[in-house]
Amino acid sequence: MKITVWNENRHEKSNQKVAGVYPEGIHGTLAKFLREAGHDVGTATLDEPEHGLTDDVLAETDVLLWWGHQAHDEERDDIAEKVKERVLEGMGLVVLHSAHFSKVFKKLMGTTCDLKWREADEKERLWVVDPTHPITEGVGEYIELEKEEMYGEHFDIPTPDELIFISWFAGGEVLRSGATFKRGRGKIFYFRPGHETYPTYHHKDIQQIIKNGVKWVANTSTPKPVRGNTKPLEDLSK
Amino acid sequence: MKITVWNENRHEKSNQKVAGVYPEGIHGTLAKFLREAGHDVGTATLDEPEHGLTDDVLAETDVLLWWGHQAHDEERDDIAEKVKERVLEGMGLVVLHSAHFSKVFKKLMGTTCDLKWREADEKERLWVVDPTHPITEGVGEYIELEKEEMYGEHFDIPTPDELIFISWFAGGEVLRSGATFKRGRGKIFYFRPGHETYPTYHHKDIQQIIKNGVKWVANTSTPKPVRGNTKPLEDLSK
Amino acid sequence: MKITVWNENRHEKSNQKVAGVYPEGIHGTLAKFLREAGHDVGTATLDEPEHGLTDDVLAETDVLLWWGHQAHDEERDDIAEKVKERVLEGMGLVVLHSAHFSKVFKKLMGTTCDLKWREADEKERLWVVDPTHPITEGVGEYIELEKEEMYGEHFDIPTPDELIFISWFAGGEVLRSGATFKRGRGKIFYFRPGHETYPTYHHKDIQQIIKNGVKWVANTSTPKPVRGNTKPLEDLSK
Amino acid sequence: MKITVWNENRHEKSNQKVAGVYPEGIHGTLAKFLREAGHDVGTATLDEPEHGLTDDVLAETDVLLWWGHQAHDEERDDIAEKVKERVLEGMGLVVLHSAHFSKVFKKLMGTTCDLKWREADEKERLWVVDPTHPITEGVGEYIELEKEEMYGEHFDIPTPDELIFISWFAGGEVLRSGATFKRGRGKIFYFRPGHETYPTYHHKDIQQIIKNGVKWVANTSTPKPVRGNTKPLEDLSK
């Protein structure tokens, strides 16, 4: 499986705290544990030409991970559109944390994707509400993160196809924090945790969920729909 | 309730057959039976300034019906975007037949909304698959249309929130032909029948379903979500 | 609309604290505010003959509310079965709090309906996650209850048709606490709050949600499915 | 993976036509192609002691397939209950054709599972409506069966978690004919085709779908929910 990890990669350059937590960039950390799981992993970042997402890269990518935050506005519209089209054709997409506000995710959802938030070194518990789902394999009934940014409801997304995690936050909020969406022939997994100032992507359970998510969204040889003008089963004029 | 019926209103001008079936335009026929049901109904068409959808019209519209076909490309992007935003804020939307390809519907769905089609004077049966749903009130277990255009799967829409009708076509296809979607605070009902050359919108059962649909998508005084930066329940630093 | 409020009515007799909070029984409190809303409301309790649910009572009931806790085992199986069948035929059902473990709800769900719980005078916040839903009309973006029993995930129910509320509890848990289910021609609303030692059913917002729920589950003149051996549209042997 | 194929195995004994199509029994045919796919497959039939489903057999079964028709009433209630419990604990279940009326499926669904039917050597087309789903891998956009029994809507099942196939029948009906359900930690796949007098289970595409279904429902090491009385995150009395 060919994975591309896309990262905005700006906080890492401008904020020493973030650089301290993710010295190789958030994309570097994600790529590393995915490579260790045996995948063929490339990375792409905002400031590369075409954001690192050339037609060739997109064409050969089976699963794309997306992390962005402060520079969603700098994403080129035409590239966001291309990524969306590849998802509809079957490329898997894992949308992480603040990428809820990325152009790609908003285009695919059709909603504002807005939510509540707070930075307060707050405890988060991600409760599994779908214990049949392969994305939950290998973790316990909840994952606890000592400190994270809070994201709270109402999260303006379409009804998920599957709701897998609900987060509890110490300050009084909840969030549908792990959810899947089917669009076209593509599968999407949104997974909330991962604020840039916390070591969330070094957490074993979080890595496990992302590895499971990548497997789950990966494209398979499902039927390619035929569209447009179509002949009937037999002559209807009889 | 304030309803606005939007119609492209081009076939009616260029095609005598269509003008014969809908002498007052498709919008005129829809508006008439909705008025008879006691609603306050306005109409708007593509060739009016701002497609008849000024900010004032949109602001006071509780439910918008949309019929379009050959001129989706002529819809102004900024107006489609405004309509989408009003839906997310709570305006109900009923999307009819070939409006599956309207800019508004595609923006809200995030998919291509493509499907199979055939014009062959074909029999259609719309089977009720959700007999709990208020949209099905007052009709039998299926509605039969002697002649309609065929629309067939795969219909490239997100998984509907509710699947209400499945159509059978004589030539061998099926379609998820009545479906609801929730987006933001707004509710959407897609209803398939209504090719311009057939008297479908004069059919009593079809009118009943559209009247039910209008009631179902109508906005109500549901909670207005609060978003953005938020205080915790109590001081978390304690 | 004819409503029947069913209550186990045992805590009220054996526990002075409960009797103090609900001097007319939980059923009495529920019936009172539903009558004030203009409904025709009867009550039925476990210790009446046939638990107060004779064939006549069931036949004329449009919406049944159910509260039970310590004596689910004493519910007669045949009566639970009859109630289930009436729901499948179209009677609305509102299942309250510990009635998650009632025979009727378990039969309709097909699962254990088990969950976590704790009695610790704990704060609960019910967050609205579906602001399109008529059941949420007239309340804010969340309802806060100062003290309630905790119910936590994993709640062993089928995927709800609609998830309306998610509860946050001070002690670290979440619950899908307002959810709808369609079964046969009947609609079901499960609503979590209402432990017998707290004045939850005197809370204006809780009463509002229950009133909304009753309206939402109420049966309507939707199509009655025809089943069994069926003739084809036309002779297939041609 | 350990698979058990359960079959009523009565038609095969009493009806020469069925015996001609399935000389080794329907279970024999199913077991054969599943073995060829590399699985460890056992069979069990109604007339064996405990219907062949002893506690040991159930305990070691990862996926159970179920075919039954004329003798659902002879299934022992206690065994149906045990099978249901194993599904809730995580055993996968594939329910075939007339097993929609089996005790096990009805208990898990909570509905009548009734539908329309007709035996008329009728053409069936199973259209893929979820081209993201692994159950559809390796087949085209539809599967056509020259002759099958018709099953028609309204099919009295809860809203499926996923709707994968919709069947078209020549005589004018449709059916949600491939659908998944999550119950407890278990996954269920209902797949319609397979009337005993037709060679449906010899059809390569039908075999492919059943093989895919078996893989999809197979249990995985997902979290085992903890239930009952629970301690809070920290002392709430502070």
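Order of writing sets the labels: A, B, C and D. Residues in every chain begin at 1.
To be clear about the criterion, contacts are C-beta pairs under 8 Å (C-beta built on N, C-alpha and C of every residue); 3 or more make two chains touch, one makes a residue touch a chain.
It should be emphasised that the depicted structure is a prediction, and the values quoted were computed from it without experimental measurement.
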item: Given subunit B and subunit C, the chains that contact each of them; value: A, D
item: Most distant chain from subunit A, judged by the mean position of its C-alpha atoms; value: C
item: Centre-of-Cα separation between subunit B and subunit A, whole angstrom; value: 31
item: Intercentroid distance (Cα basis), subunit D paired with subunit B, Å; value: 36
item: Shared-contact residues (touching 2 or more other chains) in subunit A; value: 125, 128, 130-131, 141, 152-154, 159, 161-162, 172-173, 182, 184, 223, 225-226, 233
item: Subunit D contact footprint on subunit B (complex, rising order); value: 125, 127-131, 141, 152-155, 159, 162-163, 166-169, 172-174, 176
item: Subunit C contact footprint on subunit D (complex, rising order); value: 84, 88, 107-112, 114-118, 120-122, 150, 152-154, 156, 158-159, 161, 170-173, 181-184, 223, 225-234, 236-237
item: Touching residues on subunit A, where the partner in the complex is subunit D; value: 90, 123, 125, 128, 130-134, 136-141, 161-162, 182, 184-187, 220-226, 233
